[in-house]
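Below you'll find the structures, each written out as structure tokens.
Below, chain A partners chain B and then partners chain C, in two separate complexes.
On to the complex of A and B.
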């Protein structure tokens, strides 16, 4: 093979001694040596898959670290209009999937989300434009309904929310106590959605089964997210809303009636149940100066409440009686409860040991779950979502359900396939080939670039302080700690312009700006960029 | 000037310090390690304003030295034995790129089997690279040679290898005169290369060259080697003027009237001198020729020194298997066109640190006539 002619090198006299030339090596088109080439392809991080709303977590963290918190907030809110709420009450399924979990502990995404979410509270959304005459009714102003309304309004639909209470927010406002989720935080996020435009709110509007049929006729589509509004009460107990309450009823009453809270002070109250509601109720009345005992039919370990709730409750002085059910209530001056010890539970049937115990309490709260008020079938106009559709789940799952249904409604009304949306709406779903999309696993991460560093530990208000009132339990970490934690993110599959590829390229043919560009005229296909990339966004592919 | 008792390694480190290198990439290996230990301390405590690069192997040390020197700064490294062998590929490149790197090699055997003691196999097998090679007799000479090495290397743009015998020189205390920094600076000006890596003056170095250009570049290296004697001579005169110590390409001891001449390189010179004194007392006219410069090989000086009716015993501490000792080869080659040639004995005196005592050399001289001059001679 004839090598490239060196026409422009300095004269022979000059190069007799030193092997140098004053021209560049551009004459040598090394790209012709290549048989494989690097290909820039961003992939999906496992945290984004873990998140029910598919938030692009590495991307917003990247912008946060670039000091562009506004873009970070927008990326976050593109997928989820409740980042400040989720930064507090979401169990963070994302962290379960985090690749860093195998290394030195998952990134504390929750704290980062809370920080960015709080920042976004004061940033209003761009005003939504009206793009169609089609109208959608959303039944239920909880997280699922609000999320659905948000994504519909953003896409140019006119939405009417029907809420049976005289405020929006559902559980966010009256269900989750303010020491976990301060009211004003939830309220601000709700206001931001409504102020975006295209959304009409009808409060104190209870939608019955019959009313639903009427709405179906006057709207192009109906999203029903009425939640589980009926209390599920054990057969041997009757609610009187004086001494025996359902969990939600009590929370709602405490929220709306100050003198009732005063009246309760100093009492002994038992709470039946082991879910988040049971713990929320118990911890709330504990803060009002009461003695509280949780009675649960299984062990504490088996209780479905978040582990954090259980641990914090115990720190605060909750008494928990495990493996017990109330088998008899005698109403006298106080309530005399007879507790039966549970032997085992087979197919939801409780089998008792025969052992019993009597306790005396002032009041009893039942938090053993909720059920549907009435049955609705979905059809070509009615879409179901939230807890009503999937049963009692988390806030983020309700938000994700509202979002998915918003896109289902849009797809249905515009006669398009489901995976049609533009990038702003959902970065995951916007990819045409959704199912084959690659997820970056731990093996693809180049650990050389990451020193081990344990995750951020969030400080909490001491238990003694907590039970004096309703101050938020989790304290806000300092900014530098948040940023340090953000720096722990591997940014799996998402280019964060670290320029490692640029640094290693021996042919100086990489340009990093909004992704990675290769100059294939000179790229020899050595693969250094791909091998060194800390986060797996450069693949070597055959080049024929 | 200051007088001190120093190990050979420490004397070299002092010499390097006086030369003010900017980059020292090095990897430890016995018996060289003391040199870079001292240098790393000097850089750490600020005594020497240089960057000490800890590398993961000698190959990297050589590569880093190459890069540093290409960037236009004075560069030093030190190694030994297997380390020098591992550097081999880059040692070639440094020559081709015309980089005046100075390297100290503490001579040590190469395995198998493992052996940390001294012989000259490691550096003799690197003789064809295009590096200048000097073998030192004393710690003082080693220190002085460092300064000369930088001076000459930078004048002619070729790298310079300074040899000391492992342990015998590196680990032995000796009285050494340490020049002051002012004197050293007077002798050795700052390094200002003509061409170096510079973003303000972009140039490509060592890119592909076709045969005709490559051939010219190699020819130029040989021409430089041949012309280097003038620069070496100038360096020695300049050195003597400032430091009052005289050096040459070779050195001699009681040579003029000698009938038996020992040719020696390295620290064995001292032992041989004592043996010569003993032989002279017994009326045996013995003398010595010390090979200081092995590359470039000073043929003219050697032929001049060994002319006349002499028996010449060449002490090799390395062997080119299937041929002869390398120093013997070179001397034979130097005499090829001379009408009168000395009788030459090709002796492999020591390998892997096999001890050489004064009486060994005395006995050898007394039995010279029984030796076979047609083959490599080995000790009992």
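On to the complex of A and C.
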């Protein structure tokens, strides 16, 4: 059959008579149908609340995934000047609060932080500008003091750090062994802070109680973070720094004196205590080729040391004698220790069963805690922080204490309320009412968008390799594994431009670019964007 | 699915007459993103006749032809052949019809077009009743559901018409069921339909907030629950191949959860729910999903 040309059947004139649309539905301003409207409001993730320094974790992970690691590093360091250190030694309170914990396991924030932190080591801070002529003295160059100095300097204050050793860093340098925290990493982060400017460092300056009163008169404010420098030792033991050491004394000596380390080789050494210091000391001397025994008065399970340290220590072959105390020491050629078995401990009072055991060791290390050297009262010019204020705690808590006090000092010197800081400096303290933060909980997460995927497992150096030297125990995961782990982040309450709202808007009213824009001229207020947002960033509010 | 990779081009205009939260408008928006601007829509009477706007306005950036209720597949066949004659064989001619125009009124035209192997795509967005005329029952209304013509619930003696198998028995080039609540599945199936040649049929589950008696913000989660409870199964059949189920949850949720969300099921008693659950289980077993 021959085809018929359609213009033979219908003429151009006929077509004009057809009812044909000549305009679009954009003439209907459907926004007038609306009773409630979507509102873009970023909220706080539980991990940020869990972190003592309130790092904006979802935000830096978002920038990391956007291939903008420099911005990620800056966001991280805006809240915490020690990301590479914390990526190694922080117990990660953030991970305890992670919304993913009850789904398929917390995001390994530690590894992501370590990765970003390591990258940031080579990025110097922007030079700090001097904004005021007020001067602040910081006593103690440990994490708390350095953190306080960092936040003060960044805000334009002139800071002087007084440190009694001939190096900065405190525990980061001589306390934490290098198999957990390589010294050059801590050193680099410290250097970055000092090179930022506005900070003067005075080494070998011991600040006594009297000296503190002098400083108080010559500075506008003093931040005291002298740490716990006095050893707390059982009554029946005397330190002689030859055969009987305190934990920190020994670590300091090993770190600064090579020949001393050689001298120790092959000896049998007992360590008393169950905290991180005890395990750090024990694992350090184990690496020097010694036989080590930890003596602790409670069970291993009750020991306050990090679980990871305990597990790694056991793998490396630490011997642990639980529920025992040293009741007698006889110094002969070697040390003869008499251990008493503990029955129970009531109100810190040790009750023995009567059973005893004798062991012979070459040296004894006491790592049963630290105490304050002298008491200082807080007043309008003296601010206390770090371990000195809150007792022996973690590095991140020291950093947080330094940071909080820096802001307290600024608020005090500028006669402003405490929570005045602008967004850049601390996103959690940027709002007036600290309690009014909206934290996104697990129920607000739209789980449809997240497949179950177990968290990243960090590889460790095998125990046999570890004890041969001081190589870092935790190995660095490959980049793709880090990024994969970063992708697991729910990004609770923080928009990561996933465009889910855009996808589900039936009215083409959403534009996603640096946040979410709504076209209220046409938005009918259906609420799909709010219901489908995987991370609870969009709320429906009444439209008046 | 990474929504950031989807093209920003829009073929749906703002200001359409869809109710807030309407899944039919949303489905059209994304279907056209896949099908592209070489598309012509043929539309029988349906909600979408209203959504598209009154004369002289249109909600689409592509040509749209309003046609009588029973004729969508027949008109589409003609349009496609006319394009071929004109030397534009690549045009996608797409019927976009509701469940009334597909399950009831348009069925013979569809069957004819399928039998003739017409090179068209037929999309049925199924909101399970005649919604825009006032929620009257259709043969796509599931048993138990309230409509204005079944005020005590659609009697259990009825079953929702099995459109997938009716079309599949015509041996079309492609037949599938899907919903926009599963974006990956939706995009993959429209992509397959676009690339196949011959008669192609896509059955979309499409929620209707006023007709299903749900909050407009729940319209996507309702469709998602339909799939997760197994009352709606997403599957496909390509040419001569076997029927393939494209989504199987780890464990099907009880259908009660799907009913609980919707006002049109709120009158159901335990016994009725159990009967419906039994029917669903039977079908899932038949599909080797249980």
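Structure notes:
As a working rule, the second predicted complex is superposed on the first by the 522 of 544 C-alpha atoms of A that agree within 3 Å, B and C clash if a C-alpha of one lies under 4 Å from a C-alpha of the other, contacts with A are read in each partner's own complex, and residues count from 1 in each chain.
Throughout what follows, contacts are C-beta pairs under 8 Å (C-beta built on N, C-alpha and C of every residue); 3 or more make two chains touch, one makes a residue touch a chain.
Nothing here was measured: the structure is a model prediction, and the numbers come from that model.
Of the two partner chains placed by the overlay, only chain C lies in contact with A:540; chain B stays clear of it. By the touch criterion defined above, A:480 reaches neither chain B nor chain C. Within the superposed three-chain model, A:375 lies out of touch with both chain B and chain C [touch as defined at top].
In the superposed model, A:16 lies in contact with chain B only, and not with chain C. In the superposition on chain A, no contact is made by A:451 with either chain B or chain C. Greater residue coverage of chain A by touch, when chain B is weighed against chain C, goes to C. By the touch criterion stated above, A:506 is placed in contact with chain C alone, chain B being left untouched.
Put simply, chain A uses residues 3, 6, 19-25, 28 to touch chain B in one complex and chain C in the other. Put simply, chain B touches chain A in their complex at residues 96-98, 157, 194-195, 202-210, 213, 216-217, 219-220, 224. Residue ranges on chain A touching chain B, taken from their complex, read 3-4, 6, 12, 15-25, 28. By the touch criterion given at the top, residues 2-4, 6, 10, 12-23, 25-26, 29-30, 52-53, 55-59, 64, 82, 85-86, 183, 209, 215-221, 224 of chain C touch chain A in their complex. Within the complex, the chain A residues that touch chain C are 3, 6, 19-30, 33-34, 448, 497-500, 502-509, 519, 521-522, 524-528, 530-532, 540.
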